[in-house]
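Okay, got some structures for you below.
There are two complexes below, and they share subunit A, which is joined by subunit B in the first and by subunit C in the second.
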Partner chain A sequence: MSKLLKLAQAGTVESSDILITLAPADAGTGIRVELVSPTMQQYGAHIRNLITKTLVDHGIEDVLVNANDRGALDCTIKARVITALQRAGE
Partner chain B sequence: MEKLRRSMMFVPGNNPGMLLNAGIYGADTIILDCEDAVAITEKDSARNLVFQAISEINYGTEVAVRINHISTPFGWDDLKRILPAKPDLIRLPMCQGPDEIRQIDEFISEAEHKHKFPAGSIKMMAAVETPKGLRLAYEIASASPRMVALAIGAEDFIANLKTTRSKLGRELLAARGQLVLAAREAGIQCIDTVFSDINDEEGFKKELELIKEMGFDGKSVVNPRQVSVVHDFFAPTAKEIDHAQRVLAAYQEALEKKSGVISLNGKMIDLPIVARAERTLAYAKATAGKGGK
Partner chain C sequence: MKNSIGREIPDFIPGLGKVTGFGGAFARKPVGRTVGAALSTCLPRADKRLASIETAIDAVGLKDGMTISFHHHFRNGDRILNRVVEAIAKKGIRDITLSPSSLNTVNDALIPYIEQGVITAIETSGARGKMGRFLTEGHLKKPLHIRSHGGRAQAIESGAIHIDVAFLGAPACDRYGNINGIQGQSACGSLGYAIQDAAYADQVVAITDNLMPHPLFPISIPQTQVDYIVVVDSIGDPAGIASGALRYTKDPKELLIAKYAADVMDYSGYLQQDFSMQLGSGGASMAVGRFIKTKMLERGITGSFGVGGMTGVFAEMMEEGLFKMMFDVQSFDIPAIDSIKKNSNHLEMSASYYANPHNSGAIVNNLDAVILSATEVDVDFNVNVITDSNGVIMGASGGHCDTAAGAKLTIVVAPLLRGRLPMVKDAVQTVVTPGETVDAIVTERGIAINPKRLDIIDNVKNSGLPIMSIHELKDIAYKLCGKPEAIQLSDEIVGVVEYRDGTIIDVIRRPIF
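Moving on, here comes the complex of A and B:
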């Protein structure tokens, strides 16, 4: 998949989870991540990079990401991004 | 000694907090649940999370996945997504016959080949939850060499019987007995249903006493608090271990003396008693340091 067809969401705002919202964007927009996290100072850059890498690995070039993190670990972040992507392509 | 499965602990497959900590409670097997614990709108989410969890977390114990039944729109998708992460065990709910086991077995074989996993390394177990499944329990148990255990799922079974669940469990007596017989005939393990009232510890212990006497190898649990209680129950007591050691010593002595009749404290010992003593000691050894007494 290289293009999102619709707005999609995955995850929750419960502890240890992350709520990911993906919105289609025009060509050339790039991957823009808006992140809220209680661990922004320590892990903000890491979370952004992980979200971006997961999207790039799935061939996405243009997307608006809203991520509401509640202390999710890497495996949760990846799983939620992938689920949102699958839902956006349905 | 076969793999211990005294406690098989269900963990909701779409709950990251519970999923990440599932390994710390000492359960012999953790079952990451994609079925009943997951809302119908979140099945995709759960299978992605379970896949990532198995791929990235070292649970240090056997990891099973309860998939949705293959007759639902989710069962085959669960398998497709999760098998590449190489779970130790696939648990099929609501099993109605050996064909289902054979179909899944074939699907797992293809995945093992594709991902270069050793053939036969992903095991299977099935939960019987209907009268039809119970009637075919032996056929289910022996339908694939991957099968390591049968389990009973009480709530659906009781609903199918048109009765209700009681503290004494008389309504399940016949089903439990038949299931143990089928599992033993097929040479695999037999796991009891969950006890869902986590605050009724006395009731839980009574049920454990019953299923241990009936020959079950373990119990499905829904709460980490139940794990150590189950382990304590299934561990041989000091008295049982002492008796087993004395039986084996008497047997050894009789062999050395070429004596035809063996006795201990005036009671005759025959080969089934020796076999039981050997099993008690093997079990004691296997459970030592693993949350048993």
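Moving on, here comes the complex of A and C:
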């Protein structure tokens, strides 16, 4: 799967979680991540990279990601991205 | 210049002048004498009552550049501070130094008066909410001057703070100015911080909604210190002054931290017949009381005294005979207020008696153990309770560094992570309490004992508790959430943190948001 079929979401805005929204994007637009996080200064770059890498690992090339972080750890972020992907590809 | 804990403190700070860097918890020896209030007189049969706050501002001759003080015993129910500043602003007086014992979120209403230049300096315990952010952004003309409760008492008695006029909310005040905090609709319990201001301010204005016949009983602040009395409809909102009984937390993580802290206190050897202690009012620190109580009952021991920041939880233990007495500088909940009213062994004390390092012995010096909360701690055991991980002012110094310095055993409790942020770090954002006065850091995933406390390390080694080095504890945190990037700071100093002895332990630089 290099392209999403539909809009999909996973996660919540509870403390220590992250709400990931994936939206299909035109071919060639790449992976774009819009991130909101209370830990932007400390972990903003790291979280963007993790989301991008998780998508790349699943063969995604074009997607618009909206990530509303509430202080999630890496394992949570990865799990939410993968679940959103599964929902997007049904 | 770097101070003794390696923090870069300029010799000269704009707005404050020349400062002395922190040199160790007990390094500074006081010299000189205490200062005193201006002489005054009151003729027989004179009437101290004035018609309004506005009249009182005229009567005391308040002028540009003066320092005014307030107590914070009404917490978020306070109806005095904002009202007085509003009246001062209307008279066109400017450049006031505000010196309240602390600020609460209700005082966010003062922001416009800072913008207008009515208030150009603030010296207090800390700031929260919108005010904390506003001050962090550097809108105040001079840097916010943060002092602990003991440090403020020290500064008032040494003359570092000169209070021109104290405006003191008085829950009960008689016609000649005797005051207590336990009678009337705005009862707040102990008036510990107000006692300090009344004794040293040049002029004192009592503002009350409960004028009583002379003489009032009991007397906390005597008529000899009160110059004027203003009667208003309401000095405080009872719902904001004190909550119902503060109850133990139900959060399992906080309870685990509390249990560990009680165990550390036990194995350290300080939980003995006639021990004394103070509990902070945070969730985990207060919950330690529950586990200590169980241990006391099991072992059949009783304590000597409690210190605080008092809550009903402690009052209940005293009423059950588990403690002989309590020293109370501020009463946190309604049961504590009821207790100080009815129990003769529940004593009101001044801020100086509580925690001033430069008198002949504050009660914190007699503490066996204190349990304190923290925002962040670091591998040098330094504690931050004033700024958050983004460098924004969001807390208060309170009695944190005072009790840590005084107690034989200082336990700091904190969760290892808050959200994704590690609370045990290489270096805290702002140091309020120096690591040399902290003996143990207790988190839900591990406990670190200060390496200089070889006696405690030895006592806890076979306890079965998750004891580890502070570096191991930090590594667990960093493994879970990654090493945090440092936040970006400007060179502009928006706040200074003064240690209890009057030296500067750290400064707060404006973050680049």
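Basically, the second predicted complex is superposed on the first by the 90 of 90 C-alpha atoms of A that agree within 3 Å, B and C clash if a C-alpha of one lies under 4 Å from a C-alpha of the other, contacts with A are read in each partner's own complex, and residues count from 1 in each chain.
To be clear about the criterion, a residue touches a chain if its C-beta (ideal position, glycine included) is under 8 Å from a C-beta of that chain, and two chains touch if they have at least 3 such contacts.
All of these numbers come straight from a predicted model, not from anything done at the bench.
Colleague: In the superposed model on subunit A, is it clash or fit for subunit B and subunit C?
Modeller: Here the two partners, once superposed via subunit A, fit next to each other without clashing.
Colleague: If we overlay the two complexes on their shared chain A, which of subunit B and subunit C does A:Leu73 touch? Say first, second, both or neither.
Modeller: It touches subunit B and subunit C both.
Colleague: Have a look and say if subunit B or subunit C is in touch with more residues of subunit A.
Modeller: Of subunit B and subunit C, more residues of subunit A lie in contact with B.
Colleague: At the CA centre of subunit A, how far apart in angle are the CA centres of subunit B and subunit C, to the nearest 10 degrees?
Modeller: Here the answer is 70 degrees.
Colleague: With both complexes overlaid on chain A, does A:Pro38 touch subunit B (first), subunit C (second), both or neither?
Modeller: second
Colleague: In the overlaid three-chain picture, which partner chain does A:Ile82 touch, first (subunit B) or second (subunit C), both, or neither?
Modeller: After superposing on A, A:Ile82 lies in contact with subunit B but is clear of subunit C.
Colleague: Identify the partner contact of A:His46: answer first if only subunit B is touched, second if only subunit C is, both if each is, neither if none is.
Modeller: A:His46 contacts subunit C only, not subunit B.
Colleague: So, A:Ser16: does it touch subunit B (first), subunit C (second), both, or neither?
Modeller: After superposition on chain A, A:Ser16 lies in contact with both partners, subunit B and subunit C.
Colleague: In Å, how small is the closest CA gap from subunit B to subunit C once the two complexes are overlaid?
Modeller: 5
Colleague: Shared contact residues on subunit A, subunit B side and subunit C side combined as an intersection?
Modeller: The overlap between the subunit B and subunit C interfaces on subunit A comprises residues 15-16, 72-74.
Colleague: Considering only the defined contacts, which subunit A positions touch subunit B in the complex?
Modeller: Interface residues on subunit A, with respect to subunit B: 10-11, 14-17, 72-76, 78-80, 82-83, 86-87.
Colleague: Which positions of subunit C touch subunit A when the two form their complex?
Modeller: 389-390, 418-421, 480-482, 484-485, 487-488
Colleague: Looking at the complex, which residues from subunit A come into contact with subunit C?
Modeller: Going through subunit A, the ones touching subunit C are 15-16, 38-39, 41-43, 45-46, 70-74.
Colleague: Quick one: which bits of subunit B touch subunit A in the complex? Just the residue numbers, please.
Modeller: 15-17, 20, 44-45, 48-49, 51-53, 55-57
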